[in-house]
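What follows is a pair of complexes built around subunit A, which joins subunit B in one and subunit C in the other.
Moving on, here comes the complex of A and B:
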């Protein structure tokens, strides 16, 4: 899938939330939006200050066949999951 | 030995706390998460580090005991196993999952700016105060349900030299760790800045427990200081009621250190005593060590906008932690990182209660998190 097919970003702000809310919400969202995500119509972007989530979410998402990027932004991390080229 | 110098007790506790807080933040060394993820996600990866810490501590303690450097063995404050340990461990397990961290997880997360952990910290103090209200009844219950009135550890119960149990356990465990290492099961790649592999933190924490035991006379502990803070607040706000609470008048620690002749004395009351000197610097050190780590990484941030459900859950979890840490008596640091390595019966029973407790806590947590309304670009 190419980036051009991604039409919408599901953005979720999980900063400050209890552990492991970030992973639970990510898995829940990946399941609910599976069809659009696998077709490349959507991508999920979560911002979090939970360091553990930067490992657990990518591992889980990659096991489900998605591409994942983790980017440090200021004091938090942005984790994007979808069908796209990871380095873009 | 340091027990002859109060200043050195503060200094060692503070330094251990600073290092522990720093390392735990870097590795996200969350004991609550280790148990919780095993049930919630069927992921036991992080639980391996607690096993490593336990076995390394066991090896350290036994080696130093054989060298004659642990004259207080079993260590002070360790009592006889009773039903109180199982029930306390069970409630503790629920509490630590709901609070998002155990008694030290709460500290290092609070140090990095977590508002929920700060609320859980308040809950811990409140829970300690609540326990004091029913301590006489609970102490009677604990006394009435003692299982083995003549033994505090498994080697004592079996009447064998501790080495007979520890050496085979350590040897078998070492083989398992080597297998994990070969199968690449104890190291993982992380994309966060300044990540420290958790196995290194596990070994460091085992070393800190040894330093504490050798120099101060007992392994790391933390939660009596929470009760002392509760006692300080209560004595200021409601002095009449405070004077009627017997729990705050007790002095459970009252021994003379055989090596130094120093008197180790203390209890849950508001006085500045040996227990305060041992435990409070550890608390302050862990918070500050984590703050320092987060600031160095540019990751210190305080987010006030968090779902109310989670704040309430953190508070309730903290209260449960505070109550159960006194019911057990002792927290996960005391039992899992200090008592279990000498196969203390109290600690074994605490673990038996803790495991189903974390399972129940995980169910409650997942239910509450997934029920909260999720909005794009933020959730409240």
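Moving on, here comes the complex of A and C:
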């Protein structure tokens, strides 16, 4: 991630939970932090071990107009959502 | 049944919805309570059913929404009803949809804007745009394309590009098909037969999600003007190249850093660098010029013309040293290349001309003029001196014959005659050097002449002549006496400079001079004779002066030898040059024009008769015309002594009168000897014209101290039969008279 404007990270650990609960929690957070996220003041980073969530959350977030990165870290995934230029 | 039991059963039934309601006898005192409890239990069961139906509905709707979003349904065990209601998934999803819709709206707005932009580009772009489907069918085109190919908008529906662009003429290369083949953008520059214009055609595919080409955008840029400009530039380049090739000047172009970008053939020849080798190299490396001053240095020239305020440079004369070390004199000019007035130079042009030949000619001309003016003075003196010598020599000749019985007087007179002869030779040399002194030329093979002249001069000296004369040496038309004198002079010089003796190389060869030779001669066939000594050599500061009369570095010399050589060779339309190095030796080279074949044949027909040097007595009536009394007197005495009867005239008028009188009386003169020039009177040239009218058979001899007068060399052209240069002795006079009288009689 290269956007210097993102200062605050909303971190959610959802390991052990599966979809669609994960998606609902992600969407709920995106709804609640919409303003800060769209202004690029915050970004949401979710840690999950549910593989399906790595598809559903990015798809929904992108439909909402956010940029998404998915990073595999050890035995889980980190999905970050916000207004930034995703790493290639 | 008591009340506690009834209540216990009722609680059990409530928790077990499938069990039967409370049972009691109608007459039991608690029958009303039991009925009421049953009513409550049934209502409870109904409420529970409704609740389950509602939550099921909610779950169903949540699953439906989740499916729209693209995920799997909620599992019941994942969230119980209470948590589900608390979490409010529908609310969450609804709010998310709001975000999705807002984003879609924004995207739509952007797409609308982009569409407008594309449409604006589509119409305003300088090229024609044609959009086709995968079957070449026209989807759309812009106005520029419509004008470009004169398309009728109302009749283009359903047509393909072949219909409106190619119009049935299948092109050699179809850009659309090439793009299909390659699967990527295809660019082509091509002429269109339809409207005779040139286009740059760029065909770009549009692919769907499956990477299949569904459309193509073809952009036509009219490059006719560009092509015409390119052609004009190419023509201009060709013209420039031809000009550069044709001109006699060397031309070099550089970039702003002074590196070579162009050279013409003359520049290649003069510098000795080929363009391929010189490209990119510093011009100063290629143009190796001798720097006479700092301002003329190559670096300085470039600093000036490539500066921000460049100036035109001209170096009138400098020495260019070619790659092989050959030196040439050049005239150089350099100018900056600027796109606009006052802009910084983008390069430079250097033009230079080989002026070696020009400069040599100029030097030769100056030398020639200098010697010529000295010659006029020398000629005048020699003429007067010759008249005096004629009288002296004539009288001595007579006196010797009168005193032949007196040995003492005879000896004295013989010595006096010898000294006078030397004086005669000196005037002869002066006259030979002087202007004109037209050589009496005959066609000659020079081999014998060179060898004899050289041997004559070297006999008795310490030098030995080595000859290297070409067997097929061309014949030359020369005055043998004069050329022999030149060779003798050169060999004498060689002898004098080689004090220890040694070998002198003398050679002759045929040489063809063309326009490119740095030698001051008209192009043609020449023979080159050289005399090479190994003497002291000549100091470079004297080289320019050695042909000047009275210039000498020798203690005993009178400084006429080389002047005479120069003069003789010039009169033969030739050239004499010298190359010398102090301490090594000098080489003198003579160039004499080869005779043409016609002259050669003519000469063979007119084999000359030789005269002997004996006194030949004769008889006949002679008329002598000379303005100088002493000449008249001595000539009269000499010819009388020889047996002739002599009459005298002081000028042309008197000679005419006497000749006419004798002719009319039937006792004409057998011969007339006339002085060529009579101050303020009629000379021999005019008199002969009148005399020929009186007597076309007249035998006239021209005599003059001016050996330089062309009449003396070509006397026959003027009507004379013989020539008698002054001074003459008795032998010469008798031989000439004998020859004229004999030839005329035969």
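Following the convention adopted for this analysis, the second predicted complex is superposed on the first by the 84 of 88 C-alpha atoms of A that agree within 3 Å, B and C clash if a C-alpha of one lies under 4 Å from a C-alpha of the other, contacts with A are read in each partner's own complex, and residues count from 1 in each chain.
Note that in this section a residue touches a chain if its C-beta (ideal position, glycine included) is under 8 Å from a C-beta of that chain, and two chains touch if they have at least 3 such contacts.
None of these values were measured; they are calculated from a predicted model.
Per the definitions stated earlier, placing subunit B and subunit C onto a shared subunit A by superposition produces a clash between them.
A count of residues in subunit A touched by subunit B and by subunit C gives the higher number to B.
After overlaying the two complexes on the shared chain, residue contacts for A:34 are found with subunit C alone; subunit B is out of touch.
In the superposition on chain A, A:74 makes contact with subunit B only, not with subunit C. Applying the stated contact rule after C-alpha superposition, one finds that A:11 touches subunit B and leaves subunit C untouched. By the touch criterion stated above, A:52 is placed in contact with subunit B and with subunit C alike.
In the superposition on chain A, A:19 makes contact with both subunit B and subunit C. None of the stretches 81-89, 135-143 or 207-215 of subunit C clash with subunit B in the superposition except 81-89. Taken together, the two complexes place residues 18-21, 23-24, 28, 52, 55-56, 60 of subunit A in contact with subunit B and also with subunit C.
Residue ranges of subunit A in contact with subunit B, taken from their complex: 10-21, 23-25, 28-29, 49, 51-52, 54-56, 58, 60, 70, 72, 74-77.
Interface residues of subunit B facing subunit A in the complex, by the touch rule stated above, are 28, 30, 32-33, 36-37, 40-41, 43, 100-101, 109, 112-116, 188-193, 195, 298-307, 310, 313-314, 365-366, 369-370, 374, 376-379. Looking at the complex, you find that subunit A touches subunit C at residues 18-21, 23-24, 27-28, 30-31, 34, 52, 55-56, 59-60, 63-65. Residues of subunit C that touch subunit A in their complex: 66, 69-74, 78-79, 87, 89, 92-93, 95-96, 99-100, 102-103, 106-107.
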